[in-house]
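Input: one structure, supplied below.
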């Protein structure tokens, strides 16, 4: 039973630290943040992805995940979040494999673009200094980010997501205990 | 430097608070007020603080009144700031005011009606002459005469009208109402949210707005269908039990205003309702709330909204006295940085104007 | 001092913090857009910084060093009161030095010392809606933001120029964020507006009574509205600080007597003190 695996040892202070890493990640797109938590989430959840959900999700935010029943139980137990049956009903999505299409997720309205989903996507590796060229708010000139293990077609989907600003989905990429964020305002170009 | 005195600092705050504590207590030769005295003898102040503080607790409200030196808006603020930190255990079932243990019940639309008119403990028909006997401490008054308890039902006046089809039916919904202590107001606000805002709203503001609807700012033709005040039980369904249990009793005042409605393309002429409900004995507030509730329904009833009391944003954004008092009073915080900008700007514009005048 | 036992770290309960944190992340993702949030009653009155306090309470941790200023000064009463609140409910280190702070909560000023990466500037905002004097209905202004329809503001500025020869706004001067959203910079003097442009630090804005949060991410273009033939000009008193001699900083005018005597001193007390210390060091050498 995966709910026996612990959540945050200190829910108040660990959530605060994780949130600051997330805030920094969202403010400086593509910069890789390391989360130092003692979390031991059930497979296939990475430490970073699990910490993001425990930090942000609760009974007000339906969560959709493809991580399987064990991981879903663990999330529901520790975050107290309802599980969304369909991706379009979710505030947070945690994808371990190919995620649902970005265009299918809540993107908000022109008046209320903040009513949009956040996709937490597990990838194989995050590395700065190579790969994509990121530009936009939060980036001084150009930031380089290499992401390994993304599903095919992500870049095209992202370009469409960026183009409908201010509507859109925000993405948090997680690999192990590391994460980087892509707010909808970020423009990605191939190297 | 002389200018340093302008800046406050820690010591000034400490001293001000000490002084506040001293004047709050007043002359130590005068016996200190107890919370029980406030709760019992200033009970309408306690009721108002509970209503505008959105927290039904007579003891805490009495404490807030004492701490606030009798400033009821400050007391409501103290209670709200305490309330917001409390954990939520659940939501009660809707209270049934039809089953109220009534202490007061009057109708202005019928001379007599099933259950009768009950004046209850009211200021109405007292002559507002200062009673100097109260200035002296004396014996408690003899108990008021009590009629034998009758088990007659007290149907609501609006129900009597509804039987004849004269009362516009209210939209029924079992949907969970929004909670504006957790979610900010969004417009258009549905009626449950509007009523929440009004129930917490400032009595004086709602009174003035309700009054304005009677004076032609909004097309109101109100009658007091019924006012009732008394005790209702509060029930909760604990998830582990699955059936309702009574967790206590609260005093509320309910006002149902009946308004003529000329009808629309889809609705025949009939009466419509304005509704007011407040914690405690708060008749003036309940009546004003009912007037304003009705005028805020103008959009859904297809009436032209021309008066302030008909405008949702105007009414709901400005009825909260904790918000209003904070923002009005923040003007006493230093603004000299902005004022300096204005000074420079006005000097610059004067110079331009004078130069042009000279040319 | 009353006890804070029974209250959570940084006063707010965790549910409230999560709600505000979610709003903050969306605000950062949509620079300049006002995100509504379930603002709570705080133990300080609305209008006295409850929005800034809720933002600070939701981000602050034990490793932070907090600076609080009001009118640029650390020792104004409301700044003292808010700093004490956080020292009490979060037990964090506080400082008056801009360079040492990781979080700076401010009312009405941006510090003169340039902010750097790793710092967060939290603004207390009374009226988040830049258009409210022109259109008080939020349902209308929401639509204008959705359409990026800011004609109303341009007309107002144009009328100012026609009537006065220049734009008659000296503080809370409206800005465009990343070329998309019109934003109220809070009532900072227009003098401070250029500091917002491409600032390396993160800027967060909290309006408690109006229940809005918004943000400007680092290095984001922030442009004060103007016209080609009437460019934006930040203004300050044409004087030098009587204490440190600065001719660059924003100045408070201090009336010294009732015969028209006045001096000017830096509004930013930390900046002024640092400069005075440097002068003394130079003099000693």
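Labels for the chains are A, B and C, by order of writing; each one numbers its residues from 1.
One rule holds in what follows: a contact is a pair of C-beta atoms (placed from the backbone, for glycine too) under 8 Å apart; a residue touches a chain by one contact, two chains touch by 3 or more.
Keep in mind the model is a prediction, meaning the values are calculated, not measured.
Student: Among line, ring, star, complete and other, which best matches the way these chains touch?
Tutor: line
Student: For which chain is the distance between its Cα centroid and the global protein Cα centroid smallest?
Tutor: C
Student: In angstrom, rounded to a whole number, how far apart do the mean CA points of subunit B and subunit C lie?
Tutor: 34
Student: Determine the centre-to-centre distance between subunit A and subunit C, using the mean Cα coordinates as centres, and give it in whole Å.
Tutor: 30
Student: Subunit A to subunit B: how many Å between their CA centres?
Tutor: Centre-to-centre distance between subunit A and subunit B: 44 Å.
Student: Quick check: what residues of subunit C touch more than one other chain, meaning two or more?
Tutor: In subunit C, the residues touching two or more other chains are 19, 36.
Student: Would you tell me which residues of subunit C are touching subunit A in their complex?
Tutor: Interface residues on the subunit C side: 8-10, 14-15, 17-19, 21-31, 33, 35-36, 58-62, 117, 142-143, 145-147, 178, 180-181, 198, 200, 202, 215-220.
Student: Please name which positions on subunit A make contact with subunit C in the complex.
Tutor: Contacts found on subunit A: 11-13, 15-17, 19-20, 22-24, 26-28, 55-58, 60-61, 109-114, 116, 118, 137-140, 165-166, 168, 170, 183-185.
Student: In their complex, what parts of subunit B are in touch with subunit C?
Tutor: Going through subunit B, the ones touching subunit C are 1-3, 6-10, 12-13, 77, 80-81, 83-85, 87, 181-188, 313, 317, 322-323, 325-330, 333-338, 340-345, 348-349, 352-353, 356.
Student: Applying the document's contact rule, which stretches of subunit C touch subunit B when the two form their complex?
Tutor: Residues of subunit C touching subunit B: 7, 11, 13, 19, 36-43, 45-48, 50, 70-73, 75-78, 80-81, 84, 107-109, 126, 136-139, 164-166, 168, 170-172, 187-191, 209, 211-212, 235-237, 243, 250-254, 256, 263, 265, 267.
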